[in-house]
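Quick one: the structure is below, and I'll ask about it shortly.
The chains carry the letters A, B, C and D, assigned in the order they are written, with residues numbered from 1 in each.
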Amino acid sequence: MTHSGGYVADPRFRAIEWLPWLLALLCFFVAPSYLPLGSYVLTMIIFALSLDLVVGYAGIITLGHSAYFGAGAYIAGIFAARVSTEPLTGLAISTVGAGLLGLLTGVVILRTRGLALLMLTLAITSLCLEFANKATGWTGGADGLGGFAIQPILGLFKFDLFGKTAYLYCLVFLFASWWLVRRMVYSPFGASLTGIRENDVRMNAVGAPVYMRLVVSYTISAALAGLAGALLTQTTQYVGLKVLGFELSGELLVMLILGGIGRIYGAFVGPLVYLLAQDYLAKQFPEYWYFGIGMILVLVVMFVRGGILGIVDAGIAKWRGASA
Amino acid sequence: MNIGKAAVLAAAIASLAIAVNASAQTIKVGVITTYSGPGAAQGDQLDKGFKLYLKLNADKLPAGVKVEPVFRDDTGANPDAARRLAQELIVRDKVQFLTGVVWTPNAAAIAPLTAEAKVPFVIANAAGVTIPLASPYVARVSFTLWQASYPLGQWAAKKFKRAYTVVSDFAPGHEAEEGFIKGFKEGGGQIIGSARVPMTATDFIPYMQRVKDAKPDVLFAFNPAGKQATAQMKAYADLGMQKTGIKYVGPGDITTDEELQNMGDAALGVLTVHHYSAAATRPANKAFVAAYKKEYGEKLNPGFMAVGAWDAMDLIFQLIRDQKGKIEPDKTMELVKKYKTANSPRGQIVIDPETRDVMQNEYLREVRKVGGALANVEIETVGTLIKDPWKVFNKKK
Amino acid sequence: MQDFLSSLVSVAFHGLAYGMILYVISVGLSVTMGLMGFANLAHGVFAMAGGYVMLTAINSQGAPFPLAVAGAFVAVALGSMVLERLLYARLYTAGELEQVLFTIGLIFMAVAVARLIYGALPQPVHLPEYMKGQLRFLGRDFPTYRVFLILFSIAIAALLWFGVERTRWGAMVRAAVDNRAMAQSVGVNTTRLFTLTFSLGSGLAALGGALGADIIAIQPTYPFEHLVYFLIVVAVGGLGTLRGPFVAALLIGVADTACKYWIPELGAFFIFAATIGILLWRPGGLYGRAAT
Amino acid sequence: MNAALEVRKLCKSFGALKVADEIDFCLERGARHALIGPNGAGKTTFINMLTGRLRPSSGQMLLGGEDITELGQAARVKRGLGRTFQINTLFLKLPVIDNVALSVAEREGVAWRMFRAANAHRGVIDESMDLLQTLGLAEDARNSVARLPYGKQRLVEIAVALGLKPRVLLLDEPAAGVPSLESHRILEVLAALPGDIAILIIEHDMDLVFRFARRITVLAQGAILAEGAPAEIAENQRVREVYLGERHV
């Protein structure tokens, strides 16, 4: 159940992998008043999936993935404000744009490793933030960019106040992203990323173009992050500077580790648990919810390495061991 | 066992029924403010203002009607989160009013939503000039930066020749700068330099050194109330700019009543124009300040944000009373345009029926020592029931 | 020309003051990251704690300024020693990701606790009279407090240099940074060394936070807001050296100040661009051992 | 032209330290060639230059007659140059078969494929399995490398290199760290390697060297001290002085 890919891993779908989709649809009918939060969770899951690809599989530790999320979000916003409010075109352009930014920056920074790489990613997203802050003519600066109304999808489905359309819109694109990521994880390409994470010296020695492969995976991941960002813009019809802050990258990394990295579904469980906990705690204790979240993080690190799915796996293994 | 279960179930159903019954007369008010992140200090002011009003005025509603506030944390200038919270408040909590909001971008992101959902939105702080134009369901009881800066510019031009402006780099900062410059230039003054400081800045010394070296007669400053205002004031003092004869002026945000004591004697003599001072001697204000101190401690002064929250809640209560607890959005907005009170802690305020923005008096104040503590002492009323000048100028065009 | 020269002097002066504060806060982080390989993002928590301890001592206990500063150092150093033994020590062998997650968790908790105790407002700083006002030399006024800051920080840097280069403890630290297994095999008690070094690093951060409270306001979100700058100092300077963060902090302090003075519209652009440039040029930092 | 790998006047210095001093060297096709020398003689540096991990200060390297001096690591591997490491450099957490399959996939040029499942690449998997079979690792195929004893891990190291179907194979101390009881197993494997691969082995275990190699080159202080058949080397007085004398009593 770890979905680590590779040549002996069976890529066929297990029954349980349909569960998230069933739950997501169930949510749509059972908890209609939670759909705005739901759309946000779905968006963050896409973002977390993109991060899992680079952090969990390729082993690139980054605190700057918000650069691409933010790029997608702002491209979608600027496109809607200046060119057209047609959603699918905007989404496509944002995804490609963020991917290009990923390619450009990846080419520059992926030659480094460790702390230097971490700081470079951080500096890049901070630089993007400064840029968006200063280019007020295009981005609205600290005031954010809004005042556009996204057209109905395909001219048919209007974005409604209750967030039904937005929710399904996000769900469809999450499904597509998940399908893509899952395929990649189980492919030879995915296996080679795992190889690079485990031992890049060896990958070089078997003739793998390690750097190029990292750049490609980084680009794909950036494009996915851009997609998530664009979805956020279109469903909230507003973009603010926070989408580019490194705090968002940090938060996302926290969500991903909380769920479990390098296992696809960690990117599902992490954001869901984190955002629900935040939603609940922020309402019960608006001033102090940070404490609860912090506590959860510390406990997870202290007692359950491998995140929530790590616990689940350990539990299952124990249970099987006991019954066998 | 079974009987026990049944009893529990029955009790549960009964309590549910009571809850449903009670909610029939409960009007939910969604309050969006900032409890965490760098802007928590500002959000705290709003929170205290709302809670104080609710506590003291619960009996001023029609019989059987209750107001239930639903507080939400937008974590700072975070428009997409704010918008989502507003959306949730509307669809999940079914609030009939929205209020609060410290930050202009957040209010700007929420406003279009209120037009779609027809939920009246009373802005308690966010001051960006254009927000009320974004939706017919927005009203504002706080202020705009033009309201203070433009008259300040006119007034300053009578005393000083050369001015330098240093403002925070976001919409309210730009508006304050434009308002002051327009007023100052119309009065014949000259602007010798302007700087915009990022909102994340903590150290103002480099910017202020530059001002000092340029030797203006007067320095116009604006920061979002809070630590930046203090930091800039400190830089002014550390560099000894008082001695070199550079006068420090700005809208009231730079010497807010809650922050003032942190600024120290550096603030003495600073001139500001604003609609509210905790030191004002109107009876309504004296009562308000006394209640505030009783609730939150003797050391704590209410600032203009607490007053904004207080007045926002007062407007909402008035609207509830006028409709006897049955809220209809369109009628509500008609009633909003008729709102006026003389009992605000800041004196009389009126909602401008044209723009749904507040009209209020602006006072020139000087920071002086009153009974050992610093205070914004009102020395002159520079304008009575001023409309937002920006909207006046931009209508003429 | 006269004007330009004098503005050059003030930029250098203010940049120096800001840089020195950054140095005192960050040097501990550089050493712990170099020595223990621990990605301690929560370093700013100790700086904030130092600030709070000092301000509480002054504002509510009426302690004299020097005593309050010393108290901040001691209290935080002791506190961090407990934290290191109870929590950090258990994660030395964990992966970087776990360390990041753990320290972010610590930041969250510290932010909430600070807010609970002190509220959201930045704490007022009341300096003693003799620290206020301006000193006049070279025909210009300089704020007294900043003059003191610079001198004091330089003294600390010198003391640290002496400690690391000339004492037994320093020799052990250098040995352990170079090769931990080797140091252990020649009888260095690395556990105790780590604890002491960690608490010294945290104590220094507290000192920086306390002394710098007038420049970098003490409020609950402090550990988040300034983390990037601490990390930049460490990464640009290079891990596990004393000279690296010193030069990096000065560079950042002066460059940042110059940027604000002459081209304020650039904002923080320059700092980040410079960081990217330096790290691409020398991934190990200015004085880090060459990365392979 | 019968050389699989040829090196001309190869030099490398780190500062003032010369670790390779005008090395001229030739590896015949199908050679069984050993490179020996005392610690610090520059053997591993030499290998690292051959594989492209280190750039030489000057000199020239030819692989099958083609100049590879300016080529990167990956390009040399593509042209048939494989290596093993002195210290295991494997994917410890991955199954044994994935270690080999990753290398086979690179050679087959399928490693860029993103959509077809790795599991569906039967050719890659079968070939990896065959390799493991030959090396007697078949039953460990699905275990992670970390769980194997060190001796077997050394074999995996060789299997990974063989997955590249190299024309030239550089073995950096294949028996290093292996208990002497198990080193015969390594020798068996080496002896059974296809005859058309040119093999250069660096080894300290003289027993293994003399049983395996048909030709020996002795390196000392970055320069070639002697070269010849095992018997000649064993007789060479200078070699005995600087090297064999100390060890091979």
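Keep in mind that, in the parts below, a residue touches a chain if its C-beta (ideal position, glycine included) is under 8 Å from a C-beta of that chain, and two chains touch if they have at least 3 such contacts.
Just so it is clear, the model here is predicted, and its values are computed rather than measured.
Innermost chain of the displayed assembly, by C-alpha centre distance to the whole-protein C-alpha centre, is A.
Each chain gets a centre from the mean of its Cα atoms; the one farthest from the centre of subunit A is D.
One simple way to say how far apart two chains are is to compare their mean CA positions; for subunit A and subunit B this gives 36 Å. Centres computed as Cα averages put subunit B at a distance of 74 Å from subunit D. Subunit A and subunit C, compared by their mean Cα positions, are separated by 33 Å.
The residues of subunit A that reach two or more other chains are 133, 287, 289-290, listed in rising order. Counting partner chains per residue, subunit B has residues 36, 40, 169, 198 touching two or more of them.
The multi-chain contact residues of subunit D, meaning those touching 2 or more other chains, do not exist; every residue touches at most one other chain. Here the touching chains pair up as A-B, A-C, A-D, B-C. Touching subunit B in their complex are the following residues of subunit A: 32-37, 40, 133, 140-144, 146-147, 149, 161-163, 232-233, 236-243, 282-283, 286-287, 289-290.
Only residues 36-38, 40-41, 43-44, 169, 195-198, 200-203, 205-207, 209-210, 213, 226-227, 230-231, 234, 238-240, 258-259, 261-262, 264 of subunit B touch subunit C when the two sit together in their complex. Subunit A makes touch with subunit C in their complex at residues 55, 61, 108-109, 111-120, 122-124, 126-127, 130-131, 133-134, 246-247, 250, 253-254, 257-258, 261, 287-291, 293-298, 300-302, 305. Note for the complex: subunit D touches subunit A at residues 51, 53, 73-78, 83, 85, 89-95, 97-98, 101-103, 105-107, 110-121, 124-125, 128, 141-142, 160, 163-164. Taken in their complex, subunit B has these residues touching subunit A: 35-36, 40, 71-73, 76-81, 83-84, 87-88, 90-92, 104-105, 108-109, 112-113, 116-117, 128, 134, 169-171, 198-199.
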